[in-house]
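Look at the two complexes coming up: subunit A is in both, with subunit B in one and subunit C in the other.
Up next is the complex of A and B:
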């Protein structure tokens, strides 16, 4: 989303320090949430017993889950504040072609990319963010808000049932659980495979940690963006 | 005891009679190896559990009692148990025949709670309404007495709250399996039974051990909720804890609708998760194959 600053012709800064920091904190928070949450959901399993014992019981599991929830949602809030700053002060575009805003072009890209999987079409010329990166981001961004909301229902059921029927707590529980399964199944498998473990990037994609990417990678992965920088 | 001393004196040095010694040895070995308290037999002959396991009994909370303290002299009229004429005299299902008023002698408060509780009410109704029908009821459908839930001979004392609670969930679950299963699927059951959190609620924390309240009455339910959730309101009592329609009266339309709604949302979410995860797993897998293919082709 930021305009690219050129360090040398060969190196580009893809992620700002704030974005890298938020990614690190969300990574830790999300993992903590998954481990503590699933230890409770699957509490009859031996590994859940082990983990609950390690942290000191069900009460501590619940406390840690809420702790990780607060720091993870804190990142969402910081990100939202930054989006406002980016839009209002830096006069950036949060819906333009360089943004993470979903477009019709992403659907077209997806079908073309899938054509490439079967050797029928070439790799689409991706802009700054590809369709799967947009999906990763939007799924997490929306997911954290819905998980946060259902999580609040489960955190303060006494408060929410003063104006909502009691069954909403049960529905929040179901939504929280299935969304957690969805998020873990996507982030711990699809996200890691597509960003790190694919033959193109294996063994690790460092861009999100040091912010740097090379001209060669830009040409291969984000040619549209490179074109717009070097116009 | 006197007979014992007489035998002992006969056997001691100075007494040379072989037959008496043999008799003494036989008596002693029978006393040591034979059943210790045959009066405590409770099930018809030939079935397991005929005799009380004295080792376990001695380790139980009642282990210091003599048999007579609870069972009296085992007489009806002039006939005494065991009766050589009638092998089934005073034998039968102890849960139905034992006079549980004797428990009242030591356990007065809980006995009184039981008498005003739901289990005792149902028992009274079953025994009085159609008087002959009661005996025909299968054992599992008869309302429980003390002995159905508590083992009088093997009950353990000084158990922790969690140990008692874990036993309780399986005891209550023998007659209320759907309730026990749904409790274990609920946060309360997971924290209390699975993770041993003593602050979480077991069956009796809400329903009362001896009152056995169904909590269908919203005011009763609210009192129960408020023990741990002091800020609870009437809406809070409508949170579904036992997510099942089993044993639910036909006219409880509200809970039936809630259970159905939870089920519908669960099914929809499952479909959503399977579709999204299925698509992206397939997407990533085929992508991997394509990139592997490209790499290998480059190496050639």
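Up next is the complex of A and C:
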């Protein structure tokens, strides 16, 4: 921001290799789910014909959809296991200021940020995760659980209708589709625009892929976290 | 209008009348040909050809019910019988049974595809495989069941026979006493019941089945065979748990040392190692690693530089095991992505030419490698070879595993009466079956024991991987990769 002199930029590790790997698997899994799922749902469209042709038929689309579902939900499970590891072994704080836990401060930050957009207030001093990053993460984390549940209803209808009324399968079909549209819209529009297509990071935010961020970027985007590291 | 004009007019009129005349003639001739066919009289009702010779849209419930209603018109009557050897066999079908079953919403001609013919009969029987794939993947049932027709297991009738012409086990149209029976019961066998396998798997069966019901092939057998996601019993669970424990212990042992100066915190060590792996994987070093894997790990370049003889013996054992492992993984995915594809059927069928040949070839190469290594260690004993007990145990284990694999294969070929033109692709197993055939042993009683010996050896092999000599298949590649990194 203010440092003009040329110096070798100090790098910080923002994401661990596990987090990078999970992002990559979710990225591939989620895109695969979207492509195969929509190709099945909108099977009359020309592009759906194209994808079905590419993988050798609707049966294979269904198989791949389940494969991608398994790897994507596997990442959710790894996150849950990690949460226990973080709490019990590393004695970390799940609700602390550095966590992804939503807090009142996030709502305040959001209003201050809106004010900043209209030139009325200063930019809020974000901590490790900003409010939109938390929203992005939690939307996917919680959404994958509900998608997983309705998906399981559709995968094993015989099992679930042994104790649930049959109408749950129809409900699952409706909810699975609309939540899929919601999730795809959120990820492919909101997430990509707010993280990758910002002027500061265009065309790609590399931090999630190589884990590294610079001091300048930290000062710009996460000043509160930088303060807590340097104290 | 001059003289020329009149001539032209007459010409045109002539042409016109010829055209119209031929049109009228054509219409007249054809009109005479079309005569409505007299509908045949049947039981006082008129029948149209299309009543029978048609294909309603059986993809819809309405079409399926139309198909059922049409067939049941005769088949729900008591009088619907067929006479075989002067014995009346009822062909009556209870509509309520159909309504209760799994195929309630399926038209009759969807399965009985060839009944709409004259005279009315079915030559091919119900076609299960036009809707259902062969058993999803290989392992839930054993590959030898590929020669068993669906109805032989899934029908409630328990009379089956071995059709010598096709070498298939089929549902029999006669009962145990040779009397014809009707097979119109459309109920399906509850395959969750354990005892239904004993229809064939019982001492003294005539279809070439083993006397005892064997568990499905376990997932750990994927080391060499195509496997399923079933575990197949406590023995294999123990083997898998020992394998996982051994691997965890090994990783734990690796992390005993310091990582980039970090001595104590396991968390930090893991973090540093994964950071280093990530950094190498997503860099130009990736291609160097690929080269190391290909030349040093798969092709064993270093061993070749040391001694051609040792490289040859090691490769005889290592490469076929690796190949069969990769082929099994490939089969696992193919049989799940496209269980109906002919590729999947070829890969899971032990009698198909490709699979039988490859399995036998790999097996005999490994066995040859084991024999050469044993000669080297126990008889020739060159000065640089130190025959440790640990090494000999590993060799013995693999050798016994392969040996019993071949014996079991031979007995299977003998027991299931595989015809020579099919069996000969198993170029080791088939000769073994010929050698065993004069012994006059009840092989179907003996086969389960052989199978279990091979399975127990396999389980021991898998459980022993991270402990004894065979630990080198994890350690050595890792060392090679780390050495590259240090260079």
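Basically, the second predicted complex is superposed on the first by the 222 of 231 C-alpha atoms of A that agree within 3 Å, B and C clash if a C-alpha of one lies under 4 Å from a C-alpha of the other, contacts with A are read in each partner's own complex, and residues count from 1 in each chain.
The rule is simple: a residue touches a chain if its C-beta (ideal position, glycine included) is under 8 Å from a C-beta of that chain, and two chains touch if they have at least 3 such contacts.
For clarity, every value in this text was computed on a predicted model and none was experimentally measured.
K.L.:
Would you mind checking which one, subunit B or subunit C, touches more residues on subunit A?
P.N.:
Result: the larger residue contact count on subunit A belongs to B.
K.L.:
Please work out whether A:107 is in contact with subunit B alone, subunit C alone, both, or neither, and reply first, second, both or neither.
P.N.:
Touch status of A:107: no partner.
K.L.:
Now for A:63: first (subunit B), second (subunit C), both, or neither, which partner does it touch?
P.N.:
second
K.L.:
Pick one for A:204: touches subunit B only (first), subunit C only (second), both, or neither.
P.N.:
So A:204 meets neither subunit B nor subunit C here.
K.L.:
If we overlay the two complexes on their shared chain A, which of subunit B and subunit C does A:189 touch? Say first, second, both or neither.
P.N.:
first
K.L.:
So in the superposed three-chain picture, is A:18 touching just subunit B, just subunit C, both, or none of them (first/second/both/neither)?
P.N.:
The second partner, subunit C, only.
K.L.:
Once the structures are superposed on A, label A:54 by its partner contacts, choosing first (subunit B), second (subunit C), both or neither.
P.N.:
A:54 contacts neither subunit B nor subunit C.
K.L.:
Touch check for A:178: first (subunit B), second (subunit C), both, or neither?
P.N.:
First partner only.
K.L.:
Could you look at A:94 and tell me whether it touches subunit B, subunit C, both or neither (first, second, both, neither)?
P.N.:
A:94: touches no partner chain.
K.L.:
By the touch definition at the top of the document, which applies to A:161: first (subunit B), second (subunit C), both, or neither?
P.N.:
First partner only.
K.L.:
In the superposed arrangement, what residues of subunit A touch both subunit B and subunit C?
P.N.:
Subunit A residues touching both partners: 59.
K.L.:
Tell me, which parts of subunit A touch subunit B in their complex?
P.N.:
40-41, 43-44, 48-49, 52, 57-59, 61-62, 114, 116-119, 132, 157-159, 161-167, 169-171, 173-175, 178-179, 181-182, 185-186, 189-190, 193-194, 197-200
K.L.:
Provide the residue numbers of subunit A that touch subunit C in the complex, in ascending order.
P.N.:
13, 16-18, 20-21, 56, 59-60, 63-64, 89-90, 209-211
K.L.:
In their complex, what parts of subunit B are in touch with subunit A?
P.N.:
Of all residues in subunit B, those touching subunit A are 184, 187, 190-191, 194-197, 199-200, 229, 231-233, 235-240, 243, 258, 261-262, 265-266, 269-270, 272-273, 276-277, 280-281, 283-284, 286-292, 294-295.
K.L.:
Tell me, which parts of subunit C touch subunit A in their complex?
P.N.:
Listed in rising order, the residues are 267, 271, 274-275, 277-278, 282, 336-338, 340.
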